[in-house]
C-alpha cells in the first residue's frame, strides 16, 4: 500500500506540476532574473507531456477549498487534449527560445506565454465548471499579452479587438455557467445533462467558446491577432488555445448525452458558413498570419459542423466525439507546423529552400486532405460520419466537404505563395528555431498513424476509393489555384477594398473606438443631467436671499413691529385659550 | 450624615450664591476664589438636594415657617432639580472661564483699569444672577416668581451692559426694557390670578385652578411676558444684539442660563399649574411660533458673518425647539416623554451654548476679531477651543449621543406617535439648517491654512480653553447618562399629573 | 395726539403700522377690561389669613407683617434687587461729579443743612412707626435717600471724596443683617426667615432700621449715577503687555 | 458586565484611545505616533479575532446601555458584525501603514491620524451596533470624523467637497433619523434580529412601513452612494489617497452598504419586505446605480474620480444582493461583496495614491507606460481592476457568481444581464487603463517624479497594495476554504437561519 | 352723600390721572414729560390713599414721585450735558485694538 | 364694587397707554416713562382689587405688600435704565432718537 500511496502521490504531484510548472516559471519572470526564464520555456510543458502518459485516466483530485470546488483530473478527453496541447506548447516554447533571445521584453513575453500555457493545461484538467472557467480566463487574458507583445500599432489594435471579444466571451460564459449551475445545483461537470441546457444556455455556450474557435459572427479578432502575435505565440494560439474552445463545447455540451436539434442546426449552419467564409476571405488576404487565421476559421467551422451533427443524436454524438478528436489533433498539428514553417521562412534572410518548401507543403496539403496525410484520415472519417447519419446530412459528404477541400487547397496554396513572396526579414523579425519546425512536421506526418484510437479511420483511408475521393478536390484546388493569379491581377487595383463590408464586419475598421462611443453616451447623460441641476451656487441669488433675510430681520427689530407681534400674539392667545 | 438630611438644604442654592455675591461686592479682592468657592459649595448643596430627592422624593419648604396660602413655599421637584444641577455645572464652567477671560484681557489689552473694573463687577452680578436663577427654579409662589424674574432681569441687563461698548449699551437698554415689559405683563397676569383665586401658591393654584375668563387672561398675559423674555420667534428681536455684544462669559450666561429661567416658568405654568386650562389651539399656536423660530433663527444664523451673532441666532433657533414641544403634549400618553425631551433640550442647549460662547469668546480674544471668513485654521493655535466649539455644534445639530439628540429623538417620537408629523419635519429641517451654520464655522476652524497665516498665539491660561471643552463634553455625553435624568424626572409627582386634563 | 407728535418728528407723515398697533392696543386693553369685569368675585384674598396669624408675626401693622414676616422672602430678594441696581449702575459708569467744585449758593446750603437732619429724623420715625402704622423700611429709606439726593443736588464738595468701602459697607449692612437674621432661623433648626418668637418684634425693627439705612444709601447712590471716584484704587496692576508682541 | 462586554469595549477603545492620544501629540513625534497607531491596529485585530472565535463557538457578545424609556444603546456582535469589523480593522491596519508612508512629510499629521483612528472606532461601532439607535449614533459620528479628513488638504476644492459631503450626509442622516423614529413609533424599540418586526404590523401600517423603508434606504443610501444620492463621492476624491481608501473601502461607503444590509435583513426581515413588495424597488435602485456608476466612470480622465464612480457602481452589488434577499445565494453574493469590494477598491486606491505620490500622476492620460516605471504598483492595480471586472480567480468573480446564482434561483434572469453589462462597462474603463499602463509608451516626463532608493516607491506605500492584491486573488482562490470571507458569510447565513 | 362725593372725587382723580398719563406720554418736550410724571406720581399717591393703602401711598410719594422724579431730571440733565460736550475718547481704545489685525487678513482660501 | 371697578378700569387704561407709548415712542426716556406708567397701572389694578370701602371688611394687606415690593423694584429698575440710557447717550455719537434705531443693526461692528 505504501507503494501504491507513493505512486498515487507521484501522480498527484505530476497533476499539480502540469499547470504548476508554467505558473512557477511565470512567477520567476517577475523577478530580476526574469529574462533568463525564456530559455526554459519548453521545459514548462514537459510535466504535462509526462503526465498525459503516466497518469491514469479518471484520476480525480478534489481540492474543495480551491476556487469554490476544486476538482482536477484527467479523463478520456483530457488524455487526448493534454498531450496534443502540451506538444504544441513544447514546440512553441522551443521556437520561442531563440526568437526571444534578442527581445528586450522577453521576460514579459515569457510571463504571458507561461501563464497562457498554465491556463491551457489547467482547463484541460479542470473537472468542475468554475475551474474550467478560471483557467479559460487565465489563458485568454494571458494571450492578450502575447497579442500585444510586438507593441506596434497593429498589435495594439489587434489586442484591443482581441480583448473586446475575450470580454464578450467571458461574460457569455459567465452567464452560461451561472445558468448551468442554477439548473444542476452543483459545480461538477459530470452533472451536466440535457435538462441543464436550455436553449439560452446553449446559445451562450456557443458564443462563449465560439469566440475562441472563431465561429462566424465572432471571428473578428482572429485574423488580426494571428497576424500581430509573434510566431511562437501565434503557434500556440492557433494550435493549442483554439482547442480550448472546442474542449469547452465538449465539456459543457457533452455529446452523446445531449440531443438538441435546434442547437445542431445552429452549430451546423454557422459552422458551414464559417468553413466557406474563412476560405473566401482568406483568399483576399495578403498577410500570411491572417491567411492561416482564416484557414483556422474555416477548419474550425468544419469541426463546428461535426459538433452540430453530434448534437442530432446520442449515437451520432459518440461518433462525433471521436471524429472531433481526430480532426482537432490533425488540425492543431498541421496549423502548428504551418505557423512554425512560416516563422522560419520569414525570419531567414534567404529564400526558402526546396526542402523547406516541401516541409511547408506537407502540413498545407494535409489540411486540404491529401491522401496519406492526417487530413485525409480526418476528412474521410468526417465523411463516413456524415453518411452514417443519413438524411438530411448526406449532402455534406457529397458536396460540401469536397467544396471545402477544394477551397482549403486553394487557400493553403495561396498561403505558400504569400510566404514565398516574402521579401526577407524586416527589422522586427527574429529567428525562429528550425528544429521545432522539423519536429512538428514529424508529428504531422506520423501522429495519426501511430495513434491507436484513430487506427480504424486511418486504415479506412487506405482504400483506393477513399484515396480518390480525397485526392480529387486537392487536384481541383490546385488547378483552380493556377487560374488564381489572373483573378488576383484583375483585382489588384482594388486590393484595398476587397469585400469592404466583410472587412468592416471583422472589426477591421481603423478606429473602433468603443470607449469613445460609450463616452459619448455618458457625456450625453452628463450634459442632460447638468442642465437640470438647480444652481445653488449662484452668487447673486444667494446675495439676494441674504439681503432679504437681513432686511426682514431689521424690520422685525423695530419696536412697532415688535409691538404688533406682541399684541397680535396676546390677542390670539387670549382667544385660543378659551 | 443627618446634616445632609436637613430640609434646609433647599435654601442653600439661593443663600450661598447670595452671600457670595454680597461678599464679592464688599471684598473686591480674590473675588474669583470667593466665586469658585461659592460655585463648589453650590454644587455640594445641589448634590445634597439630589441625594435627598432620590431618598425622599419631592420637597416642599415653608419659608419663615408659614403655611402656604400666607407664606411662600419653595418646592423642589424633578425638573427644578435638573435645572439647579444644570446651573450648578454650567456655573462652575462659567466661573472658571470668566477668570481666564478677564485675566487675559487684563494682561493682554491696553487698558485704563477698564478690564479690572469689568471683572470686579462681573463677580457680584454673576453670583446675584445665579441666586436669582436658583430662586426662580425653586420658587413655589407665583408672585415670588415675579420677584425672581425681576432679579434675573436686572442682573442680566447689568451684565449685558458690562462690556461698555456702545452697541452693548444700546442692546442692554433694550434688553432691560423688554424685560420690564415682560415682567409687567407677567405681573398683570399675577394680578388677574390673585383677583380670581386670591391665592399665590402654585400647588394650591394647581388644585383649584379651573378654566375661566380670569385665568384665561392671566395665562395670556403671563405667557406673553414670558415668551417675550424667552425670545420666542417674533419677539426675539432683543436677544441677538444683547447676547452678541456682551462679554463672552456674559453671553454664555445669558444664552445658556437666563432664557431658560423664563422658559421654565412658562412650562411649569402651562403644563403643571394651569394644565387644565390649556387648549390645543393655543398649544398649536405656540408650536407654530416655535417652528418659525427654528427656521428663522437658523436662516439668520446661516446668514451671519460674525461668529458671536451666529451663535446668538442659533439660540433663537434652538429655543424654538422647546416650543415645538408644546403641541406634542396634547396627546395624553406621551406627555411625559415630552417633559423629558424638553428637559434634555434645555440642558443640552445650556451646556452647548455656554461652551460655544466661551469658545467664541476665546477665539475673539486670541484673534482679535470674529469674522467667520477669516477664521481659517484657528484649530492650529486653539485646538481645545476649536474642539469645544465643534462638539457644542454637534449638540446643537442634535447628533447622537448628545443631549440634544435625545431631546430631538423624544420630540420626534412624540410627534410621530401622536400623528402630528408636521412638527417632526420642522425638527428635521431645523437640525439640517443647524448643521449648515455649525459647519460653516467648524469647517473654517478646522481648515489647514498656509503656514504663513498661522500665528502662534497660545492662550493665556488653561482656564480660557478647558471650561468650554468640559461643558461641551458634558453636553455630548448627556445622552449617555440619560437614564439618571429620566429617573429624576420620573420620581416626581408632578410628572404623574403632567398630562393636561379635561381642557383639551 | 401721539400720532400727531410722531407726524411732526418723522418725515413720513403717516405710519399704518403704528395705527395698527394703536388699534391692537385698544383691542387688547378692551379684552383686559372685559376679562376684568367678567371675573366672578369669589375670593376675598388672604386678608382673613393675615388677620389670623397677625399676632404671631411680632408687629401690629398687617402690611409690615406680610412684608417682613409672612412674605419676608420676597422682601429679602427685593432688597437684593436694589443692591443689584446699584452694582449695575456702578459697573456702568463713574458718578458724574462736576470737574471742579461748584459754588453752592448759601441759601441752598442753609436749606440743606436744615432739611437733611430733619429728613433723617422723619425717616427714623417712619421706620419706627412701621411696626404698627403705615411706614417702614422702604418709606424710611426713601426719605433717607431723599436727604442724600438733597445733598447731591447741593453739590457739596465733600460728597466727591466719599470713599467706596464705607459706602459699600453701608449699602450692604441692611441686606447682610437681614440675611443673617434669616439664617438665624436655620441655625435654630427652623426654616429660613423664621424669627425667634420673643424677639421677633425687635428683630424686625432692627432689620427695618438697617435696611432703611442701606436703602437710603442705595437710592442716593442711584441718584449719584455712578460709582465713587476712588472705586478702582487698590488693584494691583499686571504690567501691560503689548498685544502685538504677544501675537507674533 | 461579562468579559464579552468588556471585549467589545476594548475593541472600540483600541482605536479610540490612540486617536485621542495622537491628537495631543506634537507634530514631530513621528515614531511614537506611528507605533501607537500600528499597535492600536494590531491589538484591535487581535481582539476582533478573539471575538470572531467566540462568535463562531456560539458565545454572545452584547452590551446594553439603556438611555431613557424606549432608547437603548446596544453593542452586539453577531457574525455579520464580525465580518465588517474584521474587514475594517485589517484594512485599517493596512491603510495606516500606507498613510504613514503617504504623509511622511506633510503637515498636520497628528490631526490626520487622530481622526483616522476615530473614524475607524466609529466604523467598528457601526458594525457592532445592535439596534437602529446605536447604528444612527455611530453613523452620524462617522460623518463628523470623516469630514475633517476630506477637507484635510484645505484647498477650495477640498472645502467644496467637504461641504457637499456634509450636505449629502447630514440630509441623509436627518432622513434616517426621521425614518427610525417613525418606525419605532410604530414598532416600538427594535433590536436587530433575523425576524424583523412583527408581521402583524403589516396589516395596520402597510403604507407607513413602505414609506419608512424607502426613507431608511434613502438615509443610508447617501453614504452607500445609491445613485441619485452619490454626488458627494466623486467630489470627495480631493482628499489624500489613504482617506479615499478609508471612504471607499473601510468606512463610509461600507457603512452605508452595511446599513442597507442591516435594515433589510435585521430590521424589516426578509419576509416582511417580501410581503411589502419592496424587492423590485431595491432591484431597480441598485441596477440603475450599477449601470449609471459605470457609465459615469467611463468618461472620467481623472483616475481617482473614475475609481469613485466605480465604487458607486460596485457598492451597489451589495444592495443588489440584498434586493434578492429571498434567496440565500444572493445574500451571500451581496454580503461577501462587502469584503471583496473593500479589498479590491482599497488596492486600487493605494495604487492610485502611489502613482500620485511617486510620479504625480492623476490623470489616466498621463499613465502611458507607467507600469515599466512602477511594475509592482501596476501589478496590484491590474489585479484589483480585474477583480472589479470579475475575472476569475479574483474575489470579484466570486461575488458576481453568487449574485448571478441567486438571481437565477429567483428567476430574475435579467439581473444577470445587469451583471453582464456592468462587467462589460467595468472592462470598458479598467482595461484601457491597464493596457495604457503596461503597453503604452511613455511620451513625456512624469509630472512630478520622486525617486526612492531600492524600490519603485516607498516601501510603506508598496507593501499594503501588494498585500491586498494578493488577498484579492488568494481569497478568491480559497473561496471555499474555511477561513475565507465566503465561508464566514455562509456562516452568517446559517446563523441567520436560511 | 359721602358716597357721591367720593364717586365724584374718584372720577376726577381717575380722569386727571389718565389725562396726565396721556399728556406726559405725548407731549413734545421731554422735560415737561418728566415734570408731568412727578405730578402723576403725586396724584397716584393720592389714589393710594383713597384706596386705603397708606403704606403704598407713603412709598409712592417718597419713591415714585420723590425719588424717581429727581432721578429722571438728573438723567435728563446728564444727557443734555453729554450732548453739549464731546464724548470721552478713551472709550474707543478697545475697538482700535481689535481693528488692528484687520490689516493682515488671510488671503481668501 | 363701583370704586374697585373704576380704579381697575383706570389701571388697565394706564397699562394700555403705557404699552402703546412703549412701542410708539422712540425717545429712551419716554420709553422709561411709559414703562413706569404701565407699572402704575398694574399696581392700581392690584390695589383696587384689594380695596374694600370702609366698614365693608378688612383690607387685604398682601396686595399692598406686593405693590410695595413692585414699587421698589420699579424704582431700582428705572434708575438702572436711566443710567443705561445715559450711557447709551455717552457712548454713541448719535442723537437720542437715532440711537434707538441703531440697536436694530445686529450686524454693526462689534
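A few comments on the model shown:
Letters A, B, C, D, E and F mark the chains as written, and numbering starts fresh at 1 in each.
Convention: a contact is a pair of C-beta atoms (placed from the backbone, for glycine too) under 8 Å apart; a residue touches a chain by one contact, two chains touch by 3 or more.
For clarity, every value in this text was computed on a predicted model and none was experimentally measured.
The fewest steps needed to get from subunit A to subunit C, moving only between touching chains, is 1.
The greatest number of inter-chain C-beta pairs in contact is found between B-C. Ranking all chains by how far their C-alpha centres lie from the centre of subunit B, first place goes to A. Chain-level centrality, scored on Cα centres against the all-protein Cα centre, points to D. Inter-chain spacing, taken between the CA centroids of subunit A and subunit E, is 103 Å. Subunit B and subunit F have Cα centroids separated by 26 Å. Subunit A and subunit B, compared by their mean Cα positions, are separated by 78 Å.
Centre-to-centre, using mean CA coordinates, subunit C is 69 Å away from subunit D. In subunit C, the positions touching at least two other chains are 2, 18, 21, 25, 28, 31-32, 35-36, 44-46, 50, 63, 70-71, 74, 78, 81, 84-85, 88, 92, 138, 219, 222-223, 225, 243, 247.
The set of subunit D residues that touch two or more partner chains comprises 154, 159. Contacts with at least two other chains are made by residues 9, 13, 15, 19-26, 32, 45, 49-50, 59-60, 62-64, 66, 68-69, 71-73, 75-77, 79-80, 82-87, 90-91, 100, 103, 106-107, 109-110 of subunit F.
Interface residues of subunit E facing subunit C in the complex, by the touch rule stated above, are 22, 25-28, 54-55, 57-59, 62-63, 66-67, 70-71, 74-75, 78, 81, 97, 100-101. Contacts from subunit A toward subunit D in the complex involve residues 30, 64-70, 130, 133-134, 137-138, 141, 148, 151, 156, 159-160, 163, 167-168, 170-171, 174-175, 178-179, 181-182, 514-515, 518-519, 521-523, 525-526. Per the touch definition, subunit F reaches subunit C in the complex via residues 1, 5, 8-9, 12-13, 15-16, 19-21, 23-26, 45, 49-50, 57-66, 68-69, 71-73, 75-77, 79-80, 82-84, 86-87, 90, 97.
Residue ranges of subunit C in contact with subunit B, taken from their complex: 31-32, 34-36, 38-40, 42-46, 49-50, 53, 69-74, 77-78, 80-81, 83-85, 87-88, 90-92, 168-169, 171-172, 175-176, 179, 183, 185-186, 190-195, 231-232, 234-235, 237-238, 240-243, 246-248. Interface residues of subunit D facing subunit A in the complex, by the touch rule stated above, are 292, 295-296, 298-299, 375, 379, 386, 389-393, 398, 400-401, 404-405, 408-409, 416-417, 419-420, 423-425, 427-429, 431-432, 435, 439, 441, 476-482, 484, 486.
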